[in-house]
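One structure is given below, represented as structure tokens, and several questions about it will come after.
Here the chain labels run A, B and C in written order, and each chain numbers its own residues starting at 1.
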Amino acid sequence: MDKKLVRWSICILILCGILLGVGAFSLSVGSAGIPFKKIIPLILGGRGTTEYSILFDIRLPRIILGLAVGSALSIAGVILQGMFRNPLVEPYTLGISGGAALGVCLNIVLRLNRIGGILSIPASGFLGAIIVILLVYSLSTRRGILKIQGLLLTGVMISFISSSLIMLIMAVSRTEDLHGIIFWIMGSLEEPNLVLIKVVVLISAMGLFISYLFATELNALALGEEEALHLGINTERTKRLLFILASLLTGCAVSVAGVIGFVGLVVPHFMRMFVGGDHRILLITSALSGGAFLILCDTLARTIISPLELPVGVITGIVGGIIFVYFLSKKQVVLGGKQ
Amino acid sequence: MLEVKDLTCGYESEFVLSRINFRIEKRGLWGIIGPNGSGKTTLLKAMTKILKLRKGEVLFEGKNILKLGFREFAKQVAFVSQSSEIGYNMTIEEFVLLGRIPYRMQFQFLESKHDEEIAEEAMILTDTIRFKNRFIGELSGGERQLAVIARALAQEPRLLLLDEPTAHLDITHQIRVLDLIRRLNRKNGLTVIVVLHDLNLASEYCDKLVLLNNGLIHKVGAPQEVLTYQIIEDVYNTTVVVEKNPISSKPYILVVSEEEKAKVLQ
Amino acid sequence: MKVWFLAVFVFLGVNSSTHAEDNFPQRIISLGPSLTRELYLLGVEDRLVGNTIYCGQPPDAQKKEKVGTVTKLNLEKIMTLKPDLVLTTPLTNHEQVEKLKNLGIRVTTFSAARSFSQICDQFLELGRIVGKEKEAGKIVQKAKLKVSSIQQRIKGLQEPKVLAQIGAKPLWVATKDSFINDFIKLAGGANIGPSGKSGLYSREKVLEQNPDIIIIVTMGIVGEKERKIWRKYKTLNAVKNDRIHIVDSYKVCSPTAVSFVEVLEEIVGLIHVKVE
């Protein structure tokens, strides 16, 4: 398997390179119009100037958050698609984003941020996400067995219910609140609290690490739950832990950055086209490319119609969709073994 | 090696199998036969910890299988199901290596040299080594079945269970699979239990047969004892003629069609 | 229409803490159209270095650097303009306001004003902040005088029932707790809208209350469509006497102390047709 290891290492190195490239690009580009030639001297010696501040206080935090959120969503996507053996599953299918959005909605409308300060919005988003996770989990467990199809259906149902509730709240809310809600839901990588950004980075990194403990299990689950049992995998424990892991990653990402769709769905598929379905390589490559993808989309979102900014979720949808369809038509796509 | 004691189990509230009792010695090659719906697959699932038992127990080498962890069990007992999902598109080698999962250490992500050697051996035994680098999706049904058996062998089991491995296969592959199983049993000392729907194949290849009917054991014994025209008529509700296979002297079931039956009765 | 409405539906009310300063801010960014107009009224427009794309009045404001919309800002743009004061509204994205503060930029938020007196107070506060207290005082004084003279003119006149519609689909009317309520009250009418913050209303309720005048605050065709819809209900007094009026939302929705008076005159004209 040395050849495999070499191939994998090359893939990872290439993606790291792409990630660094995208990060550097994003750092140098923006509506402030700092010319390219000035970037390096600025980084080295420009401390204290406005431009330095723009690079490191405005752009860099967005890049880092983009990496963290993009990889968290991609990892969650890989895990869920592996667990469900369903290529259409993505982190938001389980209703987690609905719960988070509902939590934030209630917070804004009930003016809870007076109490909690600037952290109360992510906190309420996370709380909403957790409640949905618990609800979905308990509704899908019969006699100690977690039914996979049940998870999916319950998640979709809860998504619908939370969307309706959110629309209800929006219909009766004041205009200032309405704007707050809409913009939060549309997703944004602009986060003033650096500690929060660090927390997301930490959780994403830990998520990646923990997911690797289940890489083999995911490979076995791809053969079916019964087959995995025959191979000695404790499928109940695995399903439970994977579900919790994917939900936490998603909940964390959504509470801080809002609903940024498509990343968790498309990035794993895309990487599967290039590196295959073995989760040992799929997890890390999806995390890296998911981060790069989100950073790129965010960069486009804030420069295309400068000085106005588009919501990043819009860009991920359009750009992601176009790229995916293009590659789909070119290469033969193998989803879960079916050609 | 394997003992089934007073086993009763089923799905939801139905009792599919009741009071199953039999014992298989080491190096035995047993076949489980019976009409559709008699509980053959259910029995296999009960023996491999998939189904919960209502009553009774299954003992593997004297130990209740419920006391063995899944991993522990997978290192001793391997199961080849009728049609395995192929998961993501992987090479045959990678597919067979999945059988090494029970032996994986806590933080081990890559297969060890030893794993690769075992997998190689398994592929050689099943004559799938030539497909080593081909993708699982490219293989024919018969070749894939051999690959699944190779994967089961990679688990280094002492007991191999197969659920209708010859279903959907043409005669060439049917014989190849069964010859392989026989070889594994005779030469490599593997204990085998195989569910077969084809009575003649069961007769030819198995040392002992367990005939199930409606969730109960109808007869246990050597093919000559089990495959009599009377028993077959009782269980399968079909008139047959049982002869001796001219080459192996094992029972051979001859089908009697409606037309022929009518001619005879005239 | 509602979106446009949202963009300009902002008022002044001092709400955040402002640091005590010796020098008055010289590089100001305004994130609300009414704030922009007020800066022009105070004569400090040359200190205005940036505003939103919706700050179109007076025409000179369009020439200033644009830093985003009323709700979403471009922080980089703001930083390059090196402001020493950024004026925000409740509609401004809270996280971005927080970010500006983290970057060390002075931010002052003006909350939504709900009455004419609040508008005046906030204008005075703005004057204080930019060092034009006297000018602000004079303007407010003039406006207040004009309003009381209007009050005198209409004293004793009958108070018709007025409904001010500010949204369609869903139907949204001015509540008793809004500055539009002030327009109606000071113009000598009785606002039949609900109390409280939510203006969601049903047409049934309107029919029940039977207003004498309906004022539709909107832009363009939507107003006409709404008027047609109201005209179907022939039992309404407003329909019987053909007193459904359309008023331009831009003027109404972001009043300064000065424009408030202008609009008030107009509304008086609509409510008391015979008053000279």
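By our rule, a residue touches a chain if its C-beta (ideal position, glycine included) is under 8 Å from a C-beta of that chain, and two chains touch if they have at least 3 such contacts.
Given the structure is predicted, the values throughout are model-derived calculations rather than measurements.
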item	value
Taking each chain's C-alpha mean as its centre, the one farthest from subunit C	B
Most centrally placed chain, judged by C-alpha centres	A
Intercentroid distance (Cα basis), subunit C paired with subunit B, Å	81
Centre-of-Cα separation between subunit B and subunit A, whole angstrom	45
Length of the line joining the C-alpha centres of subunit A and subunit C, rounded to whole Å	40
Residue list for subunit C, restricted to those that touch at least two other chains	none
Subunit A-facing residues of subunit B, complex	48-50, 69-75, 78-79, 81, 84-90, 94, 98-99, 101-102, 104, 107, 109-111, 116, 136-137, 155
Residues of subunit A defined as touching subunit B within the complex	1, 5, 85, 212-213, 215-216, 219-220, 222-224, 226-227, 229-234, 272, 276-278, 280, 334, 336-339
Subunit C partner contacts - residues on subunit A that touch it in the complex	30-33, 50-51, 53-54, 57-59, 113, 118, 121, 171-176, 178-180, 183, 188, 190-193, 302, 306-309
Of all residues in subunit C, those that touch subunit A in their complex	2, 5-6, 9, 53, 66-69, 71-72, 74-77, 79-80, 82, 90-91, 93-96, 98-99, 101-103, 112, 170, 197-198, 200
